[in-house]
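Read through the structures below before going on.
Consider the two complexes below, in which subunit A is the common component and subunit B and subunit C are the respective partners.
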Partner chain A sequence: MKSVLGDKRAIALLLGPALLVYTAVMLIPMLWSLGYTFFTGNVLKGFTFVGLSNFERLFTDPNVGPAIIFTLKYALIVTIGQIVLGYLMALLYQFFLKGSSSFIRTLVFFPVVLPTVAVSLLFQKLFEYAPQNGLVNSVLNLMGIGSIDWLGDPKYAFVVLAIMDIWRAMGFYGVLLFTGFLDIPDDVMEAARLDGASGWKLVRHVVFPLSLPVLISSAIFSINGTLKVFDSVYALTGGGPGSATTPLTLLMYRKAFAGGNYGYGSTIALLLTIMCLVVTVVIYRTNSSNSKEEAS
Partner chain B sequence: MSHHTIRRLAVIGSAVSVALVLSACSGSGSSSSAAATDFTFLTINENTTIAAVLTSLSENECSAENAALPLKITKQAQGTLDQQLQLLGGQNALPPAFVSGNSADLTKELFEAGKIVDFAGTDVADSIVPLAASGIKALYGDNTMVLPTELNIEGVWYNKSLLKEAGVTVPDSWDSLVSAFATLSAAGVQPISAAGKGGDGWGVTRWVGAYIFRDIGPDAMTAISNGDATLTDAEYVKAADAVASLGKAGYFGKSVSSIDYATAMNTFLTGKAAFYYQGSWALADFNNEDENKIGTDNIGFIPFPNVAGGKGSADQTPTNIGTDIAFSKSAYDGDSRVRDWASCIAKNYGNVALRDFGQITGFTVTGDVKVAELTQLIQEQIAATETSVGWFESLFNTDAVTTSQNNGGPLGAGNLSGSDFMNTVQAALAG
Partner chain C sequence: MSTITATSSSTGTPIRQRRSTPLRRRLARIPMYVVVAIVLVIFVYPLIWLLLGSLKTQDEFLNNPTWALPENWLNFSNYVTAWSSVSKYLLNSVLTVIPSLLIALLIGTAAGFALEVMIFRGRRQILLLFLVGIMIPGQMILLPLFTVYFTAGLSSSLWPLIITYTATALPLTVFMMATYFHAIPREIFEASTLDGAGIIRSFFSVALPMMRNAIFTIALVQFFFLWNDLLIALTFTTDDSLRTIQVGLLNFTGRFGVVDYGPTFAAICINVIIILVLYMFLNQRVVKGLTAGAVKG
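Up next is the complex of A and B:
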């Protein structure tokens, strides 16, 4: 084995095809898109070199600020929701349901396998206000509360979006974190119990620190997914009402494909890439300094 | 395994993966090639007439063309039509014929890129009536890039019995229109039906445009497109504010930003709203007994009324060729069966649309076609039109069209002020 992996040609053979595909479908388009940031136009019109004007526009475009704020707000709230509820789910599976959790796990995981568009249509109908009330407003009315224009009012549209995306993904994070718990050695748990740790104390001092690596991975997964949210917003609110629920991804898509300006769209994409990179590095750094402290 | 074998395998492996990637990139953009097996027509969900007329043609007048190249209709939401056409155009994969983009700019771009046909000088163009030809010229310049499957005027339709029950006389000025809304609203009747969901928001922005034409004059939107004025100028903002105040008063009904085109049409045709700004393409729906529950006799039409002190007047009618269709140049030039289809459509579409759907088109009508009374009224209005104006977005670029339509809903729901609306659209226009 050592002789095979020590051979550069063998490494090239093993990695080559995958690397080539990766280069062709990821790296080249990414660099291509980076190049577009200095141009304006599209495949129909052709491209014109415009220097840094796409970047200047990024600072003057009144849509960019609200889109950044929406993206961050959404990413923060939905990530916290997904991870916290996922963690609680995992605790539930591990400590309360124990051996019989597989049925519940399957049920909670179910939304993950549903197509986003189907889930969005379901939520549109659930939260419908006009022309007729959906289930949620009907229930509110039964309780004597007036109907709410869930998807027509910017602040409520955000709430529905957050509820939908938390509901959709918490089953996934529940299972992911649960597998992290399975890695905690039984003897450690047993020892902690013998030392009198139980309930909250056990979770706080034993389970939490030992499941931290999985938790961090989940957080990176989740925040990168939510920063790049597209399908659920597009299908549920279409970025509306107006542009109230438009994240950077949708703005990029609109400018590039609906507005026919690939250059400006690519500039927004670059901004998003930098945001994702910064957030990931911050989480990663925080985590590695934490583990160093614990190790010392 | 010898080094040679490894190297050979590596080379073969790389070649295979590159080939796979390249073949994946090239796609199958051959739908417009000469070897097409069907006459694919891309239409929009919101317009049911074009698909129905084409289907009827394929079974009757154009059955020979259909036998040679069978009609296949595909559909797309109007809100995403522009990006679909851009992508297909960029990949040389436009279907032989399709509904042209929401933005005239896009059609011109496709034309300049050599993607769509110029019908000028062909037998197809001979079937276009002069008023429609001038409508095409107004939007697209001297080239006949589209075929006018509609010839419309726009204005305010009203439900006669709802007005009568509320004791409202037919308004003849903006002020009397607004006071009619107030009376109807007080009587528990939804004054206006309008669509405002996502890309259907033009249901609201049409009100803004119509107000601008009456208040500032028929050249108001040309001034914007020439750069002589901006939408953020006080007189333009005034129009958006006038519409926003209708929204605040709730005259557009419950949450107009949740209402799509079909729902708005249904609201009016089931007698749940008194007024409805719409183009006369809606005659196809009005004349359809399954949809129209209030009866054609019960529907009246007024041009958008005068605004006090305004420079425009109610006889300046928004006239347009509405949803028109274009043909892919490569399919048209490369396949005589597609050309046969185009000729057959040009010759027969006008008759079939008018006879079966009461739809007025920009094609010549041969022989006597009996039409419903409402259609006849609109035919007379079209014939009497002297000055024609566009609509709010008619001269906008693609980005501004999308932005304006998407923000129409919140404006009509009273969630967006007139100046915020105009600022947003102006920014897209400038970009």
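Up next is the complex of A and C:
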């Protein structure tokens, strides 16, 4: 019996192609990219070994600090927005709309599958200031508020970016957290109701603690995505005005391609990868120590 | 839109109970209905505004209020203008996404099968190795790949996109397929080999048909990832004739955006409508597939 499922030739045939492609196109380039961090130059100019100077530059480059701060600020605010609004949507589905939530759930989910480029261009038009007011400014004018140069002002550009990425993803977290509610045993809810818990009390003391694991994994998923934000920034603001909305991903892209320095670009990419790993591990650790305390 | 309403969830309280709710409690629900209405407006109106805009003339954009309805509902001239450049971008997207998707599904499913059904040392470690690919930002692999494609002279073809898409679709495909195979007892595949067929035959004649649904769900999820990709397409398309729909659309609005509203709206609309049609028919599966991918990834 064991020989059939342990057939070496069959394993090689089944696993081989995927492993080969994955190794050649993803694993080796990852390691190669690590190697680039000790070089400067690009494919046209050729590469020269520079030792650790890319890492030194990382600490002295005046663009890096703001990019790190922007990445973290964006990730934190958008993650909180996505999770909090997603959770409110999930509560709405579960406790208010109940059986008839399917339609709204499906509708609010739709932006999740829309191309980021299409959504970004739509938001550019929605928040347009010049040459003509978009929908948002027109509504503001109607209420007697003057037009705002949304994408021309660093502060507002960030707001539009955050609104857009929360709009795009909250339907996703709504469904994810809503599915989490289905794991809460009915008898627990029933017992809580019999004990007189209802409304916000029920949510705060029963539903919230029980959905904490799903909330944590949603947060990890969200922060991992938002730390890597590229498409929406590139398409909506292009990193501007100036470099006010430039995250590490975009800085890396500019240094590598516009600046023609693959070595320094790879160094920034490495910094980003380390940030993703650290954040994931930190959230994961706090979560597992929490659940251990609950279990004991 | 009717297909969306057709499916309804099974949760909720019995209808009888809801009917007997006293009037006062029903009035108390009104604020929440307002909230629901606002949510609907926030999610639907921007898209309707986009669609209406695509039917307007430049003159209407400049002189009518932005929420005005189009004067001529059959004004498709914007679509004609947009289509002449968007169509070639669409073709490029199809030519890169579909082959990558098919290859990734085939070899990814095979790998998932090997890692979960077959028994050999190191399969846990290999599965974890594939997981690394889900975690790492795309920026880590772009530069070496660009170097290789450039040196190999592939830069002026669609191959860089096909190859990179295939590889980036693999980690999640392998991982999700492994999870699906995990739920199926090994004995089924063993039994199918008893009549003399090898395990490879059993993979094609038993495992693949059995996993039809799972494969279709993963195909949908990956389709959205690849179709909507900007970073990879932006990096590897050096020539306008190679642009995918997403890169092309950015470029299109760069050229027309500021001066010519109608074609821009129409071009964005084309990009949205393709996804909308898919979503209208397959939304339940899309939602399930995407959320499952998140929980596992």
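Definition applied: the second predicted complex is superposed on the first by the 274 of 296 C-alpha atoms of A that agree within 3 Å, B and C clash if a C-alpha of one lies under 4 Å from a C-alpha of the other, contacts with A are read in each partner's own complex, and residues count from 1 in each chain.
Keep in mind that, in the parts below, contacts are C-beta pairs under 8 Å (C-beta built on N, C-alpha and C of every residue); 3 or more make two chains touch, one makes a residue touch a chain.
Being a predicted model, the structure only gives us computed values, none of them experimental.
Student: Is A:Pro17 touching anything from subunit B or subunit C once the two structures are fitted on A? First, second, both or neither.
Tutor: both
Student: Figure out whether A:Gly6 sits in contact with subunit B (first) or subunit C (second), or with both, or with neither.
Tutor: second
Student: In the overlay, answer first, second, both or neither for which of subunit B and subunit C A:Asn224 touches.
Tutor: second
Student: After superposition on the shared chain, which partner residues are touched by A:Pro131: those of subunit B (first), subunit C (second), both, or neither?
Tutor: both
Student: Regarding the shared-chain residue A:Pro115, is it in contact with subunit B (first), subunit C (second), both, or neither?
Tutor: A:Pro115 contacts subunit C only, not subunit B.
Student: Mind working out whether A:Ser53 is in touch with subunit B, subunit C, both or neither, as first, second, both or neither?
Tutor: neither
Student: Tell me the contact category for A:Val25 with respect to subunit B and subunit C: first, second, both or neither.
Tutor: both
Student: Given the touch rule stated above, what does A:Tyr36 touch, subunit B (first), subunit C (second), both, or neither?
Tutor: second
Student: Quick one: is A:Gly239 in contact with subunit B, with subunit C, with both, or with neither? Answer first, second, both or neither.
Tutor: In the superposition, A:Gly239 touches subunit B alone.
Student: Tell me which touches more residues of subunit A here: subunit C or subunit B.
Tutor: Counting contacted residues of subunit A, the larger count belongs to C.
Student: Show me the subunit A residues, by the header's touch rule, that subunit B contacts in one structure and subunit C contacts in the other.
Tutor: Overlap of subunit B and subunit C footprints on subunit A: residues 10, 13, 17, 21, 24-25, 43, 131, 257.
Student: Which part of subunit A faces subunit C closely enough to touch in the complex?
Tutor: For subunit A paired with subunit C, touching residues are 1-2, 4-8, 10-11, 13-15, 17-19, 21-22, 24-30, 32-33, 36, 43, 89, 92, 94, 96-118, 121-122, 124-126, 131-135, 138, 167, 171-172, 175-176, 179, 182, 217-218, 221, 224, 227-228, 230-231, 234-235, 249, 252-253, 256-257, 262, 265-266, 268-270, 272-273, 276-277, 280.
Student: Over in the complex, which subunit C residues touch subunit A? Could you list them?
Tutor: 4-5, 7-13, 29, 32, 35-36, 39-40, 42-44, 46-47, 49-50, 53, 61-62, 65-67, 107-108, 110-111, 113-115, 117-120, 126, 129-130, 132-133, 135-148, 150-151, 163-164, 166-168, 170-171, 174, 186, 189-190, 193, 198-200, 203, 224, 227-228, 230-231, 234-235, 245-246, 249-250, 253, 257-258, 261, 264-265, 268, 271-272, 275-276, 278-279, 283-284, 286-287, 290-291, 294-295, 297
Student: Which of the residues in subunit B end up touching subunit A in this complex?
Tutor: Against subunit A, subunit B makes touches at 3, 6-7, 9-10, 13-14, 16-18, 20-22, 24-25, 79-80, 82-83, 86-87, 89-91, 106, 109-110, 112-113, 115, 197-199, 253-259, 263, 267, 397-399, 402-403, 406-407, 409-410, 413, 415-416, 423-424, 427-428, 431.
Student: Under the stated contact criterion, what part of subunit A meets subunit B in this complex?
Tutor: Residue list for subunit A touching subunit B: 9-10, 12-13, 16-17, 20-21, 24-25, 42-45, 57, 61-63, 128-131, 149, 151-154, 238-244, 254-255, 257-261, 264.
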